[in-house]
Amino acid sequence: MRDTDIESLGTCAFSSPLRIPHFVPDDSRVLVDVEWTDSAAMSERASFENAGPRKHIFFDPSKTTAAIVTCGGLCPGLNNVIQSVVRMLYHQYGVKRILGIQYGYEGLCEKYGHMPIALTPDSVSIIHKEGGSILGTSRGPQDCAEMVDWLIKNQVSILFTIGGDGTLRGAAALHAEIKKRGLPIAVVGIPKTIDNDIRFAHKTFGFATAVSVATNVIHSAHSEAKSARNGVGLVKVMGRDSGYIASYVALASIEVNVVLIPEVDFALDGPGGLLSHLEDRLQKKGHAVILVAEGAGQKYTLSSGMKDASGNVKYGDIGLALKDKIEGHFKQANVPIVLKYIDPSYIIRSVPASAEDAVFCIMLAQNAVHGAMSGKTGFVVSYWNSFYTYVPLTMATGKRKQVRPDGYLWTMVKEATGQPDF
Amino acid sequence: MRDTDIESLGTCAFSSPLRIPHFVPDDSRVLVDVEWTDSAAMSERASFENAGPRKHIFFDPSKTTAAIVTCGGLCPGLNNVIQSVVRMLYHQYGVKRILGIQYGYEGLCEKYGHMPIALTPDSVSIIHKEGGSILGTSRGPQDCAEMVDWLIKNQVSILFTIGGDGTLRGAAALHAEIKKRGLPIAVVGIPKTIDNDIRFAHKTFGFATAVSVATNVIHSAHSEAKSARNGVGLVKVMGRDSGYIASYVALASIEVNVVLIPEVDFALDGPGGLLSHLEDRLQKKGHAVILVAEGAGQKYTLSSGMKDASGNVKYGDIGLALKDKIEGHFKQANVPIVLKYIDPSYIIRSVPASAEDAVFCIMLAQNAVHGAMSGKTGFVVSYWNSFYTYVPLTMATGKRKQVRPDGYLWTMVKEATGQPDF
Amino acid sequence: MRDTDIESLGTCAFSSPLRIPHFVPDDSRVLVDVEWTDSAAMSERASFENAGPRKHIFFDPSKTTAAIVTCGGLCPGLNNVIQSVVRMLYHQYGVKRILGIQYGYEGLCEKYGHMPIALTPDSVSIIHKEGGSILGTSRGPQDCAEMVDWLIKNQVSILFTIGGDGTLRGAAALHAEIKKRGLPIAVVGIPKTIDNDIRFAHKTFGFATAVSVATNVIHSAHSEAKSARNGVGLVKVMGRDSGYIASYVALASIEVNVVLIPEVDFALDGPGGLLSHLEDRLQKKGHAVILVAEGAGQKYTLSSGMKDASGNVKYGDIGLALKDKIEGHFKQANVPIVLKYIDPSYIIRSVPASAEDAVFCIMLAQNAVHGAMSGKTGFVVSYWNSFYTYVPLTMATGKRKQVRPDGYLWTMVKEATGQPDF
Amino acid sequence: MRDTDIESLGTCAFSSPLRIPHFVPDDSRVLVDVEWTDSAAMSERASFENAGPRKHIFFDPSKTTAAIVTCGGLCPGLNNVIQSVVRMLYHQYGVKRILGIQYGYEGLCEKYGHMPIALTPDSVSIIHKEGGSILGTSRGPQDCAEMVDWLIKNQVSILFTIGGDGTLRGAAALHAEIKKRGLPIAVVGIPKTIDNDIRFAHKTFGFATAVSVATNVIHSAHSEAKSARNGVGLVKVMGRDSGYIASYVALASIEVNVVLIPEVDFALDGPGGLLSHLEDRLQKKGHAVILVAEGAGQKYTLSSGMKDASGNVKYGDIGLALKDKIEGHFKQANVPIVLKYIDPSYIIRSVPASAEDAVFCIMLAQNAVHGAMSGKTGFVVSYWNSFYTYVPLTMATGKRKQVRPDGYLWTMVKEATGQPDF
């Protein structure tokens, strides 16, 4: 028996009454130590580079110019990341010329006329107390050649891009263009996704803060629902492709009765549908709280199929669609209900980072700087199995991390809400 | 080149200017996949059992009685854990007889006369909104034989003990006694340590909440310090053997100028000592914020060396000791200072869990139940490399997880505070 | 010279540069003592009855049944008021039979079948920690005769109605019907208006809490606006006829650039209009925050002129209307803007009361009970010139308290935002 | 019958069961209108000058220098007041030279060498988001002649002093010295007292914020107490001479079982004493929360009778004294208790102002400026019967506003806690 083995009282004689799709095999184990230095024996197992400071670096700090750009929607912690990149570059590595690019990739294109801002530890000393990004953001890609020209003209050696999937794909294209031209410019991504949907990242900054704020909103929806006869609180939260925020909020609040996420299809009408379940619930309890992620149930919306400035498909508003469907259904059934619809997205994503996210932002930012200074390029800094890692830009983008409909998280959410499969 | 490799711009030609004790080797890597089912090839590497529901279980739910006991100091999330254990046992496994043991291990001893409380999903439905433990707690061990007698008399098949190092050592002793008698009673530990100092646990519940509340206290100390000439804000936080809370709070707030933790010795007097550093700081900036973990600098306190009810050495009050030393020093130097001492421990540990901690508590509690129902015993449920694991009680106790004085966390704390080694 | 006179340095020689509509006359004074017992000399000045406990009471507590009903939209503090009425009646006066009427006036009509809930200090002991109303509410009047029949049938001697203008008008009608029938039933109103628009009430419960929550929303809108090029944060808050919330929030946050309230008309188009002002602001500052009360600018909405269940005219959605107008204007002008619209009403009105509102609710509730027990009827309990008062239902309703466009509050709001008259 | 009269159901036939020291007479009334312009008929009633902007002003803005000084302990809202004074002077009156005096009255004495800071709307634009005072404070009086010399030398025409009773007495002395010398310098006080104990001020800034934060601390103390067998939560809050904070917090939280304030004497020992009451409570309920104002029960402390820098008698620490007495009592009685003592003063007073306090600070600051610019001097700006007023410095100081032991507030506190007179 190994030290790490635990004891058992005996043979398992009963079948588990759990109604879940799968179980953990009895011999499933988790490695104690997941960090090691390369060895032939282990080479066949996939691994990421371990993030952190290197003994030798590629860039001469005294001659290096770094630039930081933030793109896409707001996310708690943007300013913390900016601040930490600046502090680490300036105080620890001695890089004194740091440019803040204004309004996302637009700021890297001459034609928009946005001037970069000189960033110093002093100028960023209290920005972590505010939400948003002091650099401003914008959506959408820009011409790669134009942006590389800008980097050359402004003598930028390292570009930190803070953004989501679209932004990182942009960074990958930028990196390809730089490589094609054979330039010594590092492109580093720091994943920013309030949806927590980046591949090979167990956690992304801002997510914990968002869950916390959204959980408070559920308390409000719950109070509204309980205070009316047949009260229905309907809340839409972020989650284009992945339902992590909705799932975590449902668990944290224990006040949600139905969760709808992009990964799990649902029927509205018919005997086993959402509306029929809602009818039952109102009859039994007199109120209900429904939490829907923005990407859920797109087939019920009037989505145009058009794309937004970032190249993402424009989604229909499932919140308003559900509101209409539910109100229409009960009107037809002649059952008066009181539905309150809350869309708190702009209140959630614009708050300052929580203490825990603040620390996480520092760690991500510092490791991004370590990687860049050692000459690594074309990567994102990530968090994986409790370690900070460097993951190729191409691996981190394109496919999203998603909630598995037959996995443990979703099973637990259903347990917490008591909802069936619709 | 592997898929997971990232590109580099070229050879590292410069020495890193970082003043840190060690660097990450260039070939250090982190496994992508840390979960696997036992195989001969991997057997030489240490691993933990993967937590989760099993297809077959040991206990017959209809005949099983479970009991829950909470011991030691308060920690955000205690009620969440109790609630989730009850919900999982009752709703998912069908265990209907669940006893809440009152006032820690005392409640398992006949002689104290504390009657157990019957717990149901209804009776615990909103307890997560309150701090503390609805079961009450107490400190200190009790007689094992007596407690096992109580378990037998009350037909308890599973005992969930929620507590810190002392409590878990108690659970180990209880487990040994049960084993000696050959009884089919499972003993399961759910680690509760606001200090985050349990071995083989990357994170423990309540820690994130504590960091968040303590960070707010630093804002207060900072306002006090800045608003007085030679203002000194002195804050003592939890951390008997491990300085994680102090370290995280320093990073999260960026307003702390000196952090003192148990793992790092410091000199008060002399040219490189804390007092001399403080003198410099006040001369230059006019104010300072000092954050001290309760276990730091014990040599400067009037510790009696006596032990408390839990068997832990009673620590002297380093907060008050520092207050006296600092005030005495500046009085002698004839430099008027205004020192405000804040000891917020009871305000921090008694708040409800944050949303993120709430979800974490659910996961821990559920996995504890899964393990217990499958007949496992003598273990704690833990969180390791992003997985929930089962760790033998004997491995999890005795030695604490600590901040490494030459590690990355402490280096970053020193960077954030700008403090030297004293 | 009187004791209360203050000294002056001399004659005022300069004209005030203040751009405000009116000034306080030099001899304007405020009475030190505003409470007195009736006297012939003072009888010509208007006064309210002073609220408070009376030495002798009208109702025999042992034979008295009281009922509490909450109507209309949610407001922070509803549960606090319910709790305090129950505690005071039960513990202090010895009235043990207290009925909680469900879902507003509906609960007083047999036909809806809502059963009243028996309320005791125990059953309401922690309800103040939750938002909403544990009794539920509904909108709209019900038949007076039917409700009086219900009161008789259920032997109710005192009815506490907690609601806004419509509810209090309903209470007045109920009181008239009771009087017509010559019944010894007291009808007492406790004004509930998150808009703070009740006449002869300097302050109403929930208002301070609402301002506090709404001020946080402005921080979010500000972060959104500043983080985009030509970012516009547009927030709609409560305020059907009175712009108090909007005005206070503008003062408290100092981050609002334009406030629009029902009391002050505004032009959208043309040289001095809102859109032209916004254009200037975006050109100069790059972002703007606009705060609009729901009753403002109704002429720009597609208001149907229909009435809602409470008999109030249904207002068009000025928030969405402004959103369209602004976006349309800048699209036509070919100036790309990024507008974020936030409608936080349901998040604001459903939170628990702040500590200050909690104390205020207690005081209102207790004084309502004192008045009722002494046999007073047809009144609301109010707060006027720092005293709790009893005001006839007919005086408190019908006309709203409003922000005076030429008064000090609005002048200060314009100073804080820097906005002109549009 | 007057319009303002309310109806009654008939004669009061029963004696009130209320156990309170006094009742409101039946003919007690409250004036509707308390503001009027002087008239012979009313001259015999005491009144204060009504605060607000005057049509003509005394000081020529273009030649005026104003100075602001903050003294004594921190209070939420100090920065808001500073900010509003600066904004009003600068933007509305056109006074461009505004000096921020550093570290209280010390900053007005040449010998300390504190240089004044030039204040502009820009330099104070976000200071309201931080607690404390950006000017710094100090305790204690300074030489009046020296300070007047400084004002002359720096050409100061208006001095705003923000502070408590001691500070305002200092301002009165300063005003007397200025008057003696016949100088055209206005001295204006803005009362700062977290205790809310200034005479002729119904409310002072920071009080509502303090009550709110302290109420949260009670939740913590309550959780600690309930989670231990014979748990006692003991909390000390501010309140040297007046128990307003303690009283309001007890009402707001409904979790306090005993409140002790300076105005009400209490016996510790003996049959009707606090300790005996506590013993009963623990026996019945198993826990208790005690809230003590710092000035209560001074006879039980080891007060030295010495005075602090501000000239206030140094109080003994009643919190620690009670802790010792209670622990000693139960040790002797051989009843194990678990007492947690919390002293949150520095956490309460150093937070930013709440939204409602923020608005209040603006109003106070603006009215202070209006009064000063019109040449008034030797006054404080106050809030009385819902009006802002000017009260002579000499009237506002010396005697404190206190909770009346036989008044309504204290009666209600006793009702809320269920405590007897000790």
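A, B, C and D are the chain letters, set down in written order, and residue numbers restart from 1 in every chain.
Please note the rule applied: a residue touches a chain if its C-beta (ideal position, glycine included) is under 8 Å from a C-beta of that chain, and two chains touch if they have at least 3 such contacts.
Quick caveat: nothing in here was measured; it's all calculated off a predicted structure.
Chemist: Could you tell me which chains are in contact with chain A and with chain B alike?
Modeler: Both-contact set = empty.
Chemist: Using each chain's Cα centroid, which is most distant from the centroid of chain B?
Modeler: Here the answer is chain C, farthest from chain B.
Chemist: Roughly how far is chain B from chain C, going centre to centre by Cα mean, in whole Å?
Modeler: Measuring from centre to centre gives 46 Å for this pair.
Chemist: How many angstrom lie between the centres of chain A and chain C, each centre taken as the mean Cα position?
Modeler: Going by mean C-alpha positions, chain A sits 40 Å from chain C.
Chemist: Centroid from C-alpha atoms only, then distance chain C to chain D, rounded to Å. What do you get?
Modeler: 27
Chemist: For chain D, give me the residues that contact two or more of the other chains.
Modeler: Residue numbers touching two or more other chains: none in chain D.
Chemist: Every touching chain pair, please?
Modeler: Taking the chains two at a time, the touching pairs are A-B, A-C, B-D, C-D.
Chemist: Any idea which chain A residues touch chain B in the complex?
Modeler: So the residues of chain A in touch with chain B come to 2-20, 23-38, 45-61, 87-88, 91-94, 125, 128, 179, 184-186, 200, 202, 208, 211-212, 214-215, 248-249, 251-254, 354-356, 358-359, 362-363, 366, 370, 373-379, 384-387, 389-392, 395, 408, 412, 415-416.
Chemist: Given the complex with chain D, which residues does chain B contribute to the contact?
Modeler: These residues of chain B touch chain D: 74, 78, 102-103, 106, 114, 130-134, 136-138, 217, 219-221, 223-224, 226-229, 231, 233, 340-344, 346-347, 350-351.
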